[in-house]
């Protein structure tokens, strides 16, 4: 029985690892400036933990194969050196790994969340609601109109609760159901929610961030390739959660400017 | 360990740790909540709270007397405990008369949460004390002195907890 | 004399006292295990329904159309039903299976015997603990039957979705309130239990049972109770505040200016992140509440079947304590992307990675214990080995999620689902299985069928890897969790893999029937168990199977040895029992 277990375990380990290595299922191609760092970090972690995974499982399988009770009088053996050397070595190795991952990882994380957005970044305001996203561009005046929750009315298309009658900044705001951005231009999003928690996730951008009601959360990135990708909600927000999606369209600067013109209110 | 281990005492200490932890959670909720919104309104605590505080402090003394001198002091303690709760009810009615209810403002919400929970915990102590009193009276079996010790430990803790809450409420509300 | 605590109690009289409102820790332990059994069956059926829908999104589930005519018209699961199934599945599994069975169930049955006590310190609290938990379970199950449907906000019940009420959608009315009430009650029940565990371990140990002679299983339950005490005394306030937000109109977790279902909500100033902090301050330690008893069980059982002492038992103990301590410093790793200060993400990431050090050490010590052993591959031994394997698998995916920079990609995907199912779901289940196969003879005086057990083990091991390993692949591909379907363009490519997982899950579920059959059959017809069928050393094996109502038949065992004396020359074999110089008891 022990040997059967050892074989099953070894097969499971090798098959699982092989599928990772073959990258049959893997991250979609990255289209952002920061994606490179994240992918690198991912690969690094994959190698380190992959080795640990395979070694642990196979050593366990080996010992199990080797040390079954055959009913003979073979005496038991203790692990060479006992617990201490093993503990010391494990502590040093794992600590070193942690140190490296943290140092490298903090840089990547900092690039997304700790560094200020580029001053020239294009600012787009994002509102999430059950179960849609709305994106708002400030228009020629470069200013967003103020939000009045009591004026929000999906029925007449006033998703942001704007008051163009009294608020000049609101008059030229462009509201869109897809996120259209120019390529290679730093983008700054400000995320806020109309009702409950939501999230902004674009796997190709390697970026994910929650919307928290009551907070306005900044997020910045730069797309490096023309693309049309899906933005998905990853924070459970109610029955339509599975269907809460929008498109991210990365266009050339010219196309983008044309798009802005076409959509001016 | 020199004295024989007493599970009742250990139990009360563990209970104290639990209650402390949960009030620490409420306190951090209060601090976070106060910082989160700009809707916090301060109000004056009803002054009867200070009178109640004195009652409770005295009751801690009488329960100690009860442990040494006997039964009557314990009944007196029980009475003081009940009186304290009655006093708290008056404080709640006072606030209600000012139009401050549970949901009126975060400050009043926390006031009710803190004081009601403390009162419920004290009520637990009163029930335990009553139980010990009945047992002391019972013809069979010796007096459960460790149980009395455990109850008085809890009682003192209710005192300390109340003082802590009073300080928090006085500083924050 | 002391009367509230342990007493030389008389045998219980009458059916009610014996089997229902029993004060006997052994009966209470079995009650907890039976409750967990009922809960796990419900939880598993719910997961089948979910899996079925994920694999075959347009196919009707036979019979479901009749059972839930609105939520599954024609038998096809609607999105809100999917979320309800998921919420109930998660809640039932985490609270009513993984907390009740390994901790409250086995802890209750075994801990007092392992320390040589007659019963728990406060039998009445102990009974209350079970019955409050039981009521909590009924309240949760009742949520299935309320008009607005069962809650759909997940086992994490994030505010404000969980706090607003009916406006937020189906399932968020009465069902969600019942959820909060159920969890609050559950906290009370577990606090009473933890209180007992701690007092019993500290005060009721028999003569010679020093702390260092305590079996690691008892140590693990003790440490778990300390964790539980802190965790549940924070979750309880969180639930109370949530209930107040829902029913009394307060605004602890609900900010102002929310427009839900076209209505401006009458709240202001609350903090959704406050809920997340309180919840995860409980939630992360909760996963250790689920898994640490498994650590104890494996550390206790592995040497029995390796026929050699555990490698570095003191180190294991130190690691358990370190894990317990660290588990309170890492809750923020669930909130890297929640909008809290991004600097704190780094701060939470470090202890999260550091916690892998003691975990790695324990795993290595277990593997080192197998080295040079004379392993007896009984079913409980196999489940211990399986535990090590799945814990390694789950622990390693934790390495990814612990790093904020990678979590930005993997958070909210199936990678997380794969991770936590391995590390706490399956690992804890394997711990439970090991415990059942190991202690069953002591509990019921009968042996379980070992052949069936081995079949159950092998198929389950293969099954769980087929179910949960592919979830990591899905996650890498960016497949989002908590979605009821992936049919229209989004993630359509993942359907074949989802289908494979579904088939594997149905297979794994079916395999559990072997276990249930074995359980029931052995309870009624199993071979009579000797007092010490495994040649183990700890005190539960020096009394009869099952033990008398006061555990040692009026005798107080005297302990002279540690629990780890295997591979030595003993009076009856290659082991020395903890109470070996004491008179053995038979009743």
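Each chain carries a letter (A, B and C) given by its place in the written order, and its residues are counted from 1.
Simple rule for what comes next: a contact is a pair of C-beta atoms (placed from the backbone, for glycine too) under 8 Å apart; a residue touches a chain by one contact, two chains touch by 3 or more.
It should be emphasised that the depicted structure is a prediction, and the values quoted were computed from it without experimental measurement.
Enquirer: Which chain's centre, taken as the mean of its Cα atoms, is farthest from the centre of subunit A?
Expert: B
Enquirer: Is the C-beta contact count larger for B-C or for A-C?
Expert: Per the contact counts, A-C leads.
Enquirer: Between subunit A and subunit B, what distance separates the C-alpha centroids? Give it in angstrom.
Expert: The separation of the two C-alpha centroids amounts to 48 Å.
Enquirer: Report the inter-centroid distance (CA atoms only) between subunit B and subunit C in whole Å.
Expert: Here the centre of subunit C sits 34 Å away from the centre of subunit B.
Enquirer: Could you work out how far the Cα centre of subunit A sits from that of subunit C, in whole Å?
Expert: So the centre of subunit A lies 29 Å away from the centre of subunit C.
Enquirer: Listing for subunit A: what residues touch at least two other chains?
Expert: 214
Enquirer: Using the touch definition from the top, which residues of subunit B touch two or more other chains?
Expert: Each of 36 in subunit B touches at least two other chains.
Enquirer: Counting only residues that touch at least two other chains, what does the list for subunit C look like?
Expert: Residues 255-256, 270-271, 273 of subunit C touch two or more partner chains.
Enquirer: If we count contacts the way the header does, which residues on subunit C are in touch with subunit B in the complex?
Expert: Within the complex, subunit C contacts subunit B at residues 1-6, 121-122, 191, 194-195, 198-200, 202-204, 229-230, 233-234, 236-238, 240-241, 244, 248-252, 255-256, 268-271, 273-274, 277-278, 281.
Enquirer: Which residues of subunit A touch subunit C in their complex?
Expert: Within the complex, subunit A touches subunit C at residues 1-2, 4-5, 8-9, 12, 16, 19-20, 24-28, 37-38, 41-42, 45-46, 48-49, 52-53, 56-57, 59-60, 63-64, 67-70, 74-79, 82-84, 86-87, 90-91, 94-95, 98, 101-102, 105-106, 108-109, 112-114, 129-130, 149-150, 152-155, 161, 194-197, 199, 201, 203, 206-215, 217, 230, 232-243, 245.
Enquirer: Using the touch definition up top, name the residues of subunit B that touch subunit C in the complex.
Expert: 5-8, 10-11, 14-15, 17-19, 21-22, 25-26, 29, 32-33, 36-40, 102-103, 106, 109, 113, 135, 141-142, 144, 146-147, 150
Enquirer: For a test of understanding, state which residues of subunit C touch subunit A in their complex under the given definition.
Expert: Contacts found on subunit C: 78-80, 82-83, 152-154, 158, 160-161, 164, 168-172, 254-260, 262, 264, 270-273, 306-308, 311-312, 315, 337-339, 342-343, 345-346, 349-350, 353-354, 356-357, 360-361, 363-365, 367-377, 382, 385-386, 388-389, 392-393, 396-397, 399-400, 403-406, 408-409, 411-413, 454, 458, 461-462, 465, 469, 472-474, 476-478, 480-485, 489-490, 497, 567.
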